[in-house]
Amino acid sequence: MSEPAIEELKLKLKEFAQVRDWEQFHSPKNLSMALSVEASELLEHFQWMTEQQSVDLTPQRHAAVAFEMADIFIFLLRLSDQLNIDLMEMTKRKMEINEKRYPVEKVKGSSKKYNEYDEA
Amino acid sequence: MSEPAIEELKLKLKEFAQVRDWEQFHSPKNLSMALSVEASELLEHFQWMTEQQSVDLTPQRHAAVAFEMADIFIFLLRLSDQLNIDLMEMTKRKMEINEKRYPVEKVKGSSKKYNEYDEA
Amino acid sequence: MSEPAIEELKLKLKEFAQVRDWEQFHSPKNLSMALSVEASELLEHFQWMTEQQSVDLTPQRHAAVAFEMADIFIFLLRLSDQLNIDLMEMTKRKMEINEKRYPVEKVKGSSKKYNEYDEA
Amino acid sequence: MSEPAIEELKLKLKEFAQVRDWEQFHSPKNLSMALSVEASELLEHFQWMTEQQSVDLTPQRHAAVAFEMADIFIFLLRLSDQLNIDLMEMTKRKMEINEKRYPVEKVKGSSKKYNEYDEA
């Protein structure tokens, strides 16, 4: 069920680590730290912007943000490889769960409701 | 160049948000926050484990970790949609950059070197 | 009940922001982002280290880590000022809650128990 | 130079960990993870709010936010104890550095300038 293009990326990333003898550092614990660090580097771009400014990025900022997102995806794929997790499959299953958890008629609209459900 | 399976997921996630009138909350600034929060929920599973324990997860913990990773991927796809970024393409480009930035003969082996290069 | 030394720091940090006309950026939302970014910069130092290496820091690394912690404290104080929160008082109250939540006879010892209680 | 009130808190937190035999889990690496997790729990409160909403918190939300900040401070103090760092002293030193790094006449005002200096 896994996607060929994603499997190919995972394999390339594994080889990249292996040839550098870096797999020894890629425990799930360490990879979760690296992933979180990359997520914060993304966050850093937006910390002092208004929401509107975060929509209207300059081309330079847009490219920098895109590369931070690539870094996050790289560690997400490395971790899914190390833990033998099918990311696409799990994402589809999580979306089905979310469909049931947040029924349209119940949550539609206000940010107040959105927040409450989000924290549930 | 973008992957059909990923494009399909992005579209489903967009519809999920639209039908709930939640797109109003999905500014890049807010999505970067949500993504970072999910990355920390992943981190939380591993915070008191040894590295070895993070490899040898119980089935229950493994499933919980897999769903946290799905949550991260969901917000990564939502953000790539809102900012019109081709995640697969950017990841390939970032991997090419990393190949040049970390030449095998220069970085192979010790964690000390790995750390130094990592921070560069 | 608040500590004079901490109140003095808070005041200095407020003046630092005011004289630069930066208070406009210091909404609680933005400050929580900045605080999280600083926490990840701390995390980054340790991401590829073993636990033992994180104990035995070089003097240079130790100093860098100490300054990251100062950055976290700075944003914690800024936020406590903006939200009018007495950090010392809340910390004492949280410690009393923790005393009751984690009774010694119930949680002492194994990491397994520690993890379970931590997630409760 | 360290503050008696802060030293007292650090000592109480150390005793809390020792009597539960939890110091074995409190390596700097693990504590940096716990601190980052708490910072994200703070972030989570604000992720879907506007900046203005983050100023106008309900009393319930305000209290919850205050306790998250206490959790962050607790791990910051635990880490400063484990690494033998004087948090107040380092914060004063960092503030002096910031005074020089961001001269008023150079950075006053616009968010654009603020962002640029922030990333330097």
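Read from first to last, the chains carry the letters A, B, C and D; within each, the first residue is number 1.
The rule we apply is simple: a contact is a pair of C-beta atoms (placed from the backbone, for glycine too) under 8 Å apart; a residue touches a chain by one contact, two chains touch by 3 or more.
Everything quoted here is computed from the prediction, not taken from an experiment.
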Could you see whether C-D or A-D has the larger number of C-beta contact pairs? C-D
Interface repeat test, B-D vs A-C, B-C or A-B, passes over-half contact pair overlap for A-C
Chain centre separation in whole Å, for chain D relative to chain C (CA means): 3
Whole-Å separation of chain centres (CA-atom averages), chain A against chain D: 25
Counting only residues that touch at least 2 other chains, which ones in chain D make the list? 25, 30, 33, 36, 39-40, 43-44, 46-51, 53, 111, 114
Complex contact set, residues of chain B against chain D: 25, 30, 33-34, 36-37, 39-41, 43-44, 46-48
Chain B touches which residues of chain A in the complex? 3, 5-6, 9, 12-13, 16, 19-22, 24-25, 27-30, 32-33, 35-36, 39-40, 42-43, 45-46, 49-55, 57, 62, 65-67, 69-74, 76, 79-80, 82-83, 85, 87-88, 90-95, 98-99, 102, 104, 107-109, 111, 114
Within the complex, chain D is touched by chain A residues 33, 36, 44, 47-51, 53, 111, 114-115, 118-119
